[in-house]
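In what follows, a structure is listed as structure tokens, so that the remarks can point back to it.
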């Protein structure tokens, strides 16, 4: 089943307070330290309008004024004079390419940072066989894999936006079935993921961050004990012998 | 000493609030991220009735309506039309096989996920020699080991339920002495454990998660310094020399 | 400077609430999961009387009734009929051997557990050269080492108590200078430390747990880059070149 | 762009409460355990006056009285009779050398401790290529590196202060462009960083601690899978084949 189109969301108090709560939560988990990360919600389509975090804010203490409305090209349209996040264009690119996107979240975690640097030569991070993959929209089984594209990091958002468009050019985001990917990594930088609404995008962050930690720690784990264990029945018999 | 039969618990406000608190706590510890995990409490026996979490809910924010009553076959019996967790049948299987079970908890942690994948070829995870084993009901000494069965993961709950029944077929759960196991792992997926009541099941989660982390980190730890240390008395003498 | 004798503390509301707060904090840090750990405060000397946690309680939710008064032999003396922690005798042994002890805290952390198992053959864990050692009472420089005795774990508290007494036999705990040790480890089990009062014992827990993590992680860390860096002055010159 | 001169800050309730909040936060993150760490804010210049934490306080519970005013030589000037932190002189040295400093923060984290010990032979810790470097004032691209000087630890603050002055002698802190460094490490001890105000110094702590963890964990991570992945377009085609 493909993603349904995103419902319109008013830039009302609720949305802003939900984004502020996301900031506090992600800062607490060390996924949005310093003034890193940026978050957006789609307010309207035709024409596209997003609510994006203002540039350079501490995500643990976002105020009501730390958000700005932008158009499809990332220009501020609310007359506030505030500057939106430097990576606003990526939010706009994703929202305009993928019709179902209702929210885009970008985080910087330790595991995402080091895996995206380690696997950049391969071009993507493969996450395979974990039950938690089912937390990504449209994946119904652990017997699957998610190939998370890794883009080389840059400060040139227009150039990066073009690379993302080219990479995703052959993809039909309205097709039936699970989407071909649910997010991407920037090398040595962090994760972009999205969802039909903010709750789904937040869930995708949690799922990816969990899976990144699994992938990295599993690489570090030596192979365990290979001697065959007793069956549960044998085990009980042994215990009874010990107790007699 | 074997587990005593579970007391009946009313599906009252208290039980639901306790389960909601478990969800918030486990989400905070990163054991129930995304919409993973499911929890149940035995409401009645003869016939068996369980209160189970509704499918696909964020465990950090379970509402009063995010629980459903099911029978021994996992069918919803409260007329609510809500869908219980996809893994409801495992909760029912455990509650029906083990007379003393009053609550079943299932979590997804990083350590449980990677150990269950690493040790699947062996068929179980052995945890031996730790004092913390005494936190598992009926274990009275660190000089013990817990053999945690690992089942290959699947999306076919009926088939998995049958595998669990076969594995546990030779076990007399009412026998004197410690039970042969206190939980099991699904490979690349997570932990199922249980207790006579919710508090005991929650304790078992904490104990297992602690022990999983110990087992995994101990595998990663290089062997330490082997040079013999001075005795405490010699140490004091040396200090006095240094100070003079 | 040696430890001054412990002041008497009333078993009043404040002391109990402070111990409950310690339980919540240590549970939150995963140092007292399940029903592990036990804490005590010296209420009186001549004769010795301690306030100890009741056996088997969840440390995240200690109630006002989850403490019991015991004498120097660990016998309950408050007529409450409650059972004190199984390891009460160790608290009594420490309080009676070391005149300055006002509080004893015992925790189970992952790092303490795996290091105490790894270094048991050596008989102690050596912690050397860290600034944080200065957080242990009487240590005034990082240029020091703490040799933390490791005792093989047992369930026989009388036998263990005797081993501790023998190990500490040659020590003059009233001597000038830093004490020869500030705590000990039980292998695969956890840490015992103490202080003149509860605040100092709590600080010692934090210091030891921090240092255990440093020792373990430092063992895991590969040797870093050895190429000589530019000086800070050279660095600034290079930056100016890059910017021109 | 260089750092602008620090504005004057009154030692008012707000500043003290902000420092207390920093203490609670850093203690919670395990960067200021025990009584480690010390913090300062510049109150005035010409002559220099700093507000510094009192020696030996628990950073999770700083009271309003746990701060003291000192002059450029680190002497207490508020007549309170309280003793300032043993490392006060380092705060004064930094504030007097670097005109733009408005706050200095010193923390003890596990990662900073072990990296500073491991890389002391090299003389500095190099952090290169991470997006999060942009959180350090004046760094505008991930394509940069920060060379964090590591000084051998000592208890002689006057001697250490002189070493820091010598190391930083060739640096023009008022020059245009990014400053040559944003902090330094004491080996086996911890991090000193600063900012134009407390918010910037706190951000620098978060950035450095994040980067230390990245550097250390990246050293521990084995090289990943190198097989080329399918493109996102190929991936979607494969999925459709699987579903048919």
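For reference, chains read A, B, C and D in written order, and residue numbers begin at 1 within each chain.
Assume a residue touches a chain if its C-beta (ideal position, glycine included) is under 8 Å from a C-beta of that chain, and two chains touch if they have at least 3 such contacts.
None of the values given here were measured: they were computed from a predicted structure.
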With chain A removed from consideration, the chain sets that still hold together: one piece
Chain B against chain A, contact positions shared by both copies (same if over half, else different): different
Centre distance in Å when chain C and chain D are each reduced to the mean of their C-alpha atoms: 29
Cα-centroid distance, chain A relative to chain C, in whole angstrom: 40
Per-residue multi-chain contacts in chain D, two or more chains: 220
Graph class of chain-chain contacts, one of line, ring, star, complete, other: ring
Set of all touching chain pairs, with the criterion as stated earlier: A-B, A-D, B-C, C-D
Touching residues (chain side chain B, partner chain C) in the complex: 29, 129-132, 135, 140-143, 199, 203, 206-207, 209-210, 213-214, 217-218, 220-233, 235-236, 239-240, 243
Contact set on chain D toward chain C in their complex: 30, 33-36, 58, 108, 110-111, 113-115, 117-119, 121-126, 147, 149, 153, 155, 167-172, 175, 177-178, 180-181, 186, 188-190, 216, 219-220
